[in-house]
């Protein structure tokens, strides 16, 4: 019985039994053979290729932003306000006459700088909490997981709004906020396989023979939870992009004049009938980035999950 | 089984209490207070005395723990209290907003199921290009923010489809036709992502089941593909769908906050936004308490349904 | 298979119970059908419902307990004050008071009350109600926001059923301004429930308020001005943001709405024939408060340098072009009768001169320029944030670097009042007289002036004169000097004024006009030139 729920829902697992055997197989069998097989699958895995390609383009764009654009994203009055796309300003201008294309390209930096580190932070926090809860068990487990339940039952966007409002909108604070938001769901994902692996006979044997807890965790447990964590982290990056967009849409994102897609979308929404391009381009940028990570995540899952081959 | 339910119910208590405390802390952490909303942004900067008058009158100057405990005491007596800003009783206010949100959520779920499940089944059984295209569409569908879909619908589709009313919502009991028509755009905005999530889950569930022995046996017995899918596959695929739906409750509630605001539907999402804008903590806590209990109970119900559909699952 | 059937049953039960719940949900008020009055052969047509798109709904309906526009733009149609402004809002004219006299010493006002005016509950208004209402507003126990306006009132006396006498402790030039609109006359027997069941004497009565959906007002058949109002009902629809309002106006779901950004309004008016666009009146201004207690703004040279580094003309042309009502700002709103009479760019330090700004900074001991870590602006006001980004670029050329910090409005107002921060930007609005605002901010006796270490005897003297002088011409001269003094000292750095609200309506709405104070007072004169529903 496979109960590994896909898609967005996967993070909100409550009392589902652990995806026990599924993820243990890969590491226990012959490693070399596995790697070869994996590469073969990679070549056949179109989702992974498309998603990986899209992410790579995004990252390259962010790194090489100055080479791609011909105007500064901060220069006011390059053209008239809300000018339509032209040969020089290929996506037109924003309200202050800035180059929209330059702002969208530079906006990818804001997006990636917020979403990737925030998810990394959430993964670390979730590993600590989930491992403690799952491995120690008992009261500690109950306390941690009930605490996570509280955060999970609370509307995420609202929580994010409150944290950003208190800390003040800046890129590091956004990062912390999104990390706080994703820690509870990720720690659930960490905990479930830990519980399952802990019950295995060889773990009990290792314990009896006096192997230290740290060693057990590093050698036996971590490898077993790596796949779901990697997949969820990738999908969470997509969600972090959407949350960042929603927050800057609400004026709580990276402070101006930093270019941010959500802010660009919200500030041109009111001009959508007279200047539809001004809202469409940032909107499409958000969709592109989020979709890239979702494709990559789904592709990774197919690749890492032996059942999907 | 009943012991399991009771223990789950008991465990709900600290969670729900925690949520009320968290919502109190969150709303108090948000900078600013009701006084500015009452005086008005433009005049508040020149009238600091008025701000103090209001804070004193509404008890916003009392110590924080006192404000929380007195709210909690009322709550334990079953008294949701009075809204600080709107001066109305909170429970009836919530109850009058509730049907709109439940209707929106149920219709979105229905849309998600009707659109998502067939796509999932087709993707799993047809495979090939169709499968690849679906998976691409699914990723795209999940990646589009609901507020972007809503904006596109509102500005490009709504002006060409005048028969779909926007911004003139009527309750189901007063004008069912208008009510249902005005739900079309909001339901599409929320339901799109949901449909894609469901399609993805159905697809993988069907794929899993297709490889099970009994399905192979059924095929071997000469049953047609249609019968196999209808009788054996879908039944087993129901389990993950139920969990997805249960797990999506929280997501749905977040979704209604944005969508109700954009389409101006007088539901719980809009109510909580109003409460937050006004920094009306009893109102916000009332709504959040309500939704938290709903989320936790729905999770419980899905778990029970789950066991109901598949008796192999044992409660721990 | 059986289990699946059970599942459907459960779902069915759930659906039915939801439907039942919605059927039993309490619905506020009753939908009263109002008979429209007879249609006159020529002139305004009677009847019909005017729909107005709003971004927020009202909190409650007690006019003495809120000054937020979301409330007042509705309560002003339900209640009346003793006086009202004329159409240009330059002069006070009778409303519930038919005439008034002032004693020679300028301390006793006597008002004649309009006879036979009925409250919405049917009772005739008397001078007792006027006394009750004025006392309610000035009584600290009421918690009214309007109390400070009546700080000089020592007594309100009923002379007879139609005469009321108000005694002041010293002459107050602005007293009569405080008897209009929101300073409403309310009946004693209804005040306990005024917040949810408003009773006034105004042209419209509350019919139904559905939270987050709509406020419906119906015609008051007993309104004292016999022929008015023409409309059978006014319904305010609560729509949310600017894009929703535009969408609703375009599709004629509403007949009228207002917009924050004049460029959006302008684009809409150009794109859709038949939508009237009221040229906005620049009633709002944007100002930055510089903290004169702290370095570097304790030095007037730094403050002047900031002013000189600002290219106000370019700023306005980028953010809110003058054809949309943008105007150079002073501490008095451009719509105010006391606004600077000449070319505002001639005010001290108003002309852009980056070189001189750098020179002043060097003289003040900052040869390398200054850096301000937090320039606080209201995140929710898109136009304010736009302006801040332009200023950041301009100031950088004058050697002043700033970091923009967008903040939540309530917090920024607290910071502004307490002097918490070096540069705090808020918006101010025309409010019938500059005295209250300016005195509160700059007179050395007030908490706000103290919070910013402002102690300027020359300014104090001007503000005191402005408060007690009753002659309009003399007051105008005083406030010219106030504006000049504040520009020279640059305590508050006012950038530009612009229309706070840009009202738009379909051309079938007649008789409506925009007012300088942005009130919807003219609803009582509006009528619909289309077949009524």
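Think of it as A, B and C in the order they're written, each chain with its own count starting at 1.
Keep in mind that, in the parts below, a contact is a pair of C-beta atoms (placed from the backbone, for glycine too) under 8 Å apart; a residue touches a chain by one contact, two chains touch by 3 or more.
All values reported here derive from a predicted model rather than from experimental measurement.
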Query raised in the report: In terms of Cα-based centroids, which chain occupies the most central position?
Result: B
Report task. Looking only at C-beta pairs in contact, point me to the busier pair out of B-C and A-C. Result -> B-C
Report task. Round to the nearest whole Å and give the separation of the Cα centres of chain A and chain B. Result -> 22
Query raised in the report: Cα centroid separation between chain B and chain C, in whole Å?
Result: 37
Query raised in the report: So, what's the distance in Å between the C-alpha centres of chain C and chain A?
Result: 44
Report summary line: Each of the following residues of chain A touches two or more other chains, namely 165, 269, 272-273
Query - Residues of chain B touching at least two other chains - result: 30-31, 151, 155
Report task. Can you tell me which residues of chain C touch two or more of the remaining chains? Result -> 241, 243, 250, 407-408
Report task. Name, in rising order, each residue of chain A that touches chain C in their complex. Result -> 74, 76-77, 81-82, 95-97, 165, 168-169, 251-252, 255-257, 267, 269-275
Query raised in the report: Tell me, which parts of chain B touch chain A in their complex?
Result: 11, 14-15, 18-19, 22-23, 26-27, 29-31, 132, 135-136, 138-140, 142-145, 147-148, 151-152, 155, 193, 196-197, 200-201, 204, 208, 239-240, 243-244, 246-248, 250-251, 253-254, 257-258, 272, 276, 288, 291-292, 295-296, 299, 302-303, 312-313, 316
Report task. Within their complex, state which residues of chain B touch chain C. Result -> 30-33, 35-51, 53-54, 56-57, 85-88, 92-93, 95-100, 102-103, 106, 151, 154-155, 158-159, 162, 165-169, 171-174, 235, 238, 261-264, 266, 270-271, 274, 277-279, 305, 308-309
Query raised in the report: Where on chain C does chain B make contact in their complex?
Result: 1, 3-4, 6-7, 10, 15, 18-19, 21-23, 25-28, 53, 56-57, 59-60, 65-70, 72, 140, 143-145, 147-148, 195-196, 210-213, 237-241, 243-244, 247-248, 250-251, 253-254, 284, 378, 407-411, 413-414, 416-417, 426-429, 431, 436-437, 440-441, 447-448, 500
Query - Residues of chain A that touch chain B when the two form their complex - result: 1-3, 5-9, 12-17, 46-47, 50-51, 146-147, 149-159, 161-163, 165-166, 238, 242, 245-246, 249, 265, 269, 272-273, 276, 279, 283, 286-287, 290-291, 294-295, 298, 307-308
